[in-house]
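Scrolling down, you'll hit the structures one after another.
Heads up, the next two complexes both have chain A, just with different partners, chain B and then chain C.
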Partner chain A sequence: MKKYTRIWIQLLKNSFSSTLSNRIDSASYFFGKLIRFGFFWLLIISIFNFTETFAGYSTYQVLFFFLTFNLIDILGQIFFRGIYLFSSDVRKGNFDFTLTKPVPALFLTMSRLIDLLDIIFILPIVGLLVYAGIQLPVTITIGAILVYLFLVLLATVLSFTFHVIIAAATIWSFENENFIWLYREAMTLGRLPPDIFPVLLQYILTYGIPIIVMIAYPVNALFGLLSVGDMLFAGVITLLFIAVSLVLWKIALRSYSSASS
Partner chain B sequence: MLNKYTTLINIMWQRGLAYRFTIFAYRIGEIAEMLVLLLMWSAIFTGTSTIQGYTLNEMLTYILFGNLVNTITRNFAAAGIGRDIKDGRLSLFLLKPMKHVRYALASEIGRASLPFVLSLITQLLVVLLFHDKFLYNTDPVTLLVILGMILLAFLLEFELSYLAGLIAFWTDEVDGLYTTMERVKKFFSGGYFPLSLLPATFITVSFALPFAYSFFVPAQLYLKKIDLSMGLKGLGVQLLWIVVLAMIIRVVWKRGIRKYEGVGI
Partner chain C sequence: MIKKYFTTFSTTLSETYTYRAQTLVWVLNSIAWVAVFPFVWLTVYGQRESIAGFERAALFTYFFLVPTIDIFINSWVYESMQHMIKDGSVVNYVQKPINYIGYMFSRARGWQTSQTVITILISGVLYLFLHPYLAFPAPNWQLLWFIPVAAVGIMVAFLFGTIIGLISFFTTEGGWLKHFWWMLTTIASGYLIPIQFFPSGLQHILSFTPFPLILQTPIFTLLNRMSVSEIVFQLFVGLIWIIGLSVAVYALWHNGSKRFDSIGI
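And now, the complex of A and B:
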């Protein structure tokens, strides 16, 4: 664990250097993130100019969904952003260098690109989560907060498994831009309470691509709306995704053809 | 004379065919975002029949029609131009008997053609899903003005994107700037929600800016929320912006090319 932490910190330092060498571009990216976040925040606030509740939720409850979506999305971006470089590595055969290093290929593949801006961006998100949490019209217990944090951790693990599946698909198809963007876009369905979706879509987003488990479950747990059965289901589906993703990764590794060799 | 441009368009069309799954995947992603907006507004309208003069059907039509226009008009020229400058590939174009801006425009028309066809198909599928809510406007004059607006909006978006790409003469990387610009543009174009839900001053400002003509104004015209005279005035504003941006591009290109180092020569 200590070894991995040391490598990760070194990669973070590299990212820091890269961010500093492209100051204007990095600042623009950060500004862009803030703008997208700010506009959606404004959209949610505007919704409540026309309605008292949204799918049965109050302003701060809906904001909490939005903030939790951002938190989980950013955690995935911080820890698994290396996936964006993976298709290029596979196409050019550079993945050979990853395979020969004395670190698990999956770890290096996921963490070789760390976005420092996301690490900075997570601070206001956490701050706003605390602020929105205080404003919530429901009583929040310490137990509910702990369950929320545990489910956010499970969501991050689920996000990891999606990235592993995308990496496996990349080895087979040489192209991952499609898959990663499909995943990112699908994730945006979690920005708002899932109650607005038709029942069939809710089923798909719970059992097929468990975005509801990733985002709505932690939020509903905090609101005291999640049953013990649902919590157990979150654990089971996470284990299932871990198993499936790792099996797919192993099968994919066997078919890696090392393009440049 | 035209032959070289039609060849370029054809090449980009062929290239698009090679990446058809990528284009299709992006469309699926866009549908997800649009679906969220459609379902979000459906949920908001459960307690009320009108919001700021919009009925549910008008709001859903606004989103569906506006997104279709936006799919046709938007473009990604900035990223390619930025890379050409950064990697020194621009040197190749400097030797060619055509202006780079025209090359980029022809390429962009070719690149946008396939996504346009796929968008049209997927968009029509979404319209079919909401067919009982979608409002139809069959007035030929209105549709003609909208068509003109879409063509001019395509040119405007291209100029904005091209300009963002030229910034690479000074910064190398333009992705961050372009992404930020896209997000600002989406908001000011009414892509998140109709600008009429915002204070009146905001709409006045938006009408004077070029962004609203690739989503909000054509959708308003289609919904008959603004009359034809406003639409014609909009075409005038677009033309004015096209001229102004062309002049800015000329100045920026002249200055930028002096800074160009031609990496790799």
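And now, the complex of A and C:
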């Protein structure tokens, strides 16, 4: 664990140097991200010009869904952004160098690209989560906060498993940009309370692509709306996805033909 | 003269057929992005039949058409332009007896034509399930206005995309520009919500911009929600913008290709 932390911190330092060397570009890119975020925030506020409640939730409850989505999305970006370089590595044969290093290939594949801006961006998200949490019309207990944080951790693990499945698919198809964007677009279905979707879609987003487990479960746990059975289900489905993704990764690695072979 | 651009167009069509899985995933991405909004607004409608003069079925039909019209008209040409300028491959086109902007336009139309066909096929399947919730107008001659509206919309979107792409001649990182462009088109062309839901002052300002032509105006034309005079006014605004944007594209290409420095030149 210590070794992995050391490597990750070194990669973070590299990212820090890269961000500093492109100060204007980084600042403007960050500004663009903030605008994108602020724009959706405004959209949610605008929705409440037409209605008192949204699927039974108040303004700050809906904002809490949106902020939790952002938190989980950014955690995935911080730790697994390396996936964006993976298809290029596979196509050009650079993945051979990753395989020869004395570090698990999966770890290096996921973490070899870190964007400092993601780490900076998480600060306003956490600040707004605290702000929205204070405004919520329900009483939040310490226990509910702990369950919320635990389920966010599970969501990050689930995000990892999706990234692993995409990495495996990349080895087979040599292409991952569209897969990763499909995953990220699908994730955006979790920006708002899942109650707005038809029941069939809710089932798919719970049991098939568990986006509801990743985003709505932590939020509902905080609101005191999640049953113990649902919490156990979140744990079981996370374990299942870990197992499936790692098996797929191993199978994909076996079928990888290096550039030199 | 035109033949080389048509060849580019047909070659790109074949290319998309070769990479059809990629094209399909790309189309699914576009549909996934917009899929949430009908549900959002249907939840907002609740038991009400109409908000801001928009009936529930009309709004659902609007969002049903968004992916097809977006893929057909909008332009993502800046992605490949930025890439070509960054890796230097744009130099190949400076030397060839083909206009780079024309070449990129033919390629973009090639990609978008095949993507539009796939989107129409997917929408056709969805129509079988969703038709009780949709409300299309009966066929009428006014629908023919869609042709000039789409043509102007395509030109406006392409020229804006080209400007964003060519700015890469002057900056190393154009990602922030893409964010700005995304944000502008998302708000101002009617992706999240028809502009009709905006305050009247903002609607008035947007009617002088080319953004509605990229999405809302073509959809409203198909849904018969605009009078002929409103369509003509939008076309007139669009044509003025096309002239201005063409001048900007020419200036950017002229100055950018002059200052461009590539190994081997």
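Convention: the second predicted complex is superposed on the first by the 259 of 261 C-alpha atoms of A that agree within 3 Å, B and C clash if a C-alpha of one lies under 4 Å from a C-alpha of the other, contacts with A are read in each partner's own complex, and residues count from 1 in each chain.
By our rule, contacts are C-beta pairs under 8 Å (C-beta built on N, C-alpha and C of every residue); 3 or more make two chains touch, one makes a residue touch a chain.
Every value quoted in this text rests on a predicted model; they were computed, and no experiment measured them.
A.B. asks: Would chain B and chain C fit next to each other on chain A once aligned, or clash?
C.D. replies: clash
A.B. asks: Taking the superposition as given, does A:Val199 touch the first partner, chain B, the second, chain C, both, or neither?
C.D. replies: Neither chain B nor chain C is touched by A:Val199.
A.B. asks: Which holds for A:Met1: it touches chain B only (first), chain C only (second), both, or neither?
C.D. replies: A:Met1 contacts neither chain B nor chain C.
A.B. asks: If you stack the two complexes on chain A, which partner ends up touching A:Arg191: first (chain B), second (chain C), both, or neither?
C.D. replies: both
A.B. asks: Quick one: is A:Phe50 in contact with chain B, with chain C, with both, or with neither? Answer first, second, both or neither.
C.D. replies: Both partners, chain B and chain C.
A.B. asks: May I ask you to decide whether A:Ile134 touches chain B, chain C, both, or neither, giving the answer as first, second, both or neither?
C.D. replies: neither
A.B. asks: Where on chain A do the contacts with chain B and the contacts with chain C coincide?
C.D. replies: The answer is residues 22, 25-26, 28-29, 31-32, 35-36, 39, 43, 46-47, 50-51, 54-55, 175, 178-179, 181-182, 185-186, 188-189, 191-192, 195-198 of chain A.
A.B. asks: Applying the document's contact rule, which stretches of chain C touch chain A when the two form their complex?
C.D. replies: The touching residues are 21-22, 25-26, 28-29, 32-33, 35-36, 39-40, 42-44, 46, 51, 171-173, 175-180, 182-183, 186-187, 192-193.
A.B. asks: So in the complex, which bits of chain A are touching chain C?
C.D. replies: It is residues 22, 25-26, 28-29, 31-33, 35-36, 39, 43, 46-47, 50-51, 54-55, 173, 175, 178-179, 181-182, 185-186, 188-189, 191-192, 195-198 of chain A that touch chain C.
A.B. asks: With touch defined as at the start, can you tell me which chain B residues reach chain A in the complex?
C.D. replies: 21-22, 25-26, 28-30, 32-33, 35-36, 39-40, 42-44, 47-48, 51-52, 171-177, 179-180, 182-184, 186-187, 192-193, 197
A.B. asks: Give the list of chain A residues in touch with chain B in this complex.
C.D. replies: 22, 24-32, 35-36, 39-40, 43, 46-47, 49-55, 175, 177-179, 181-182, 184-186, 188-189, 191-192, 195-198
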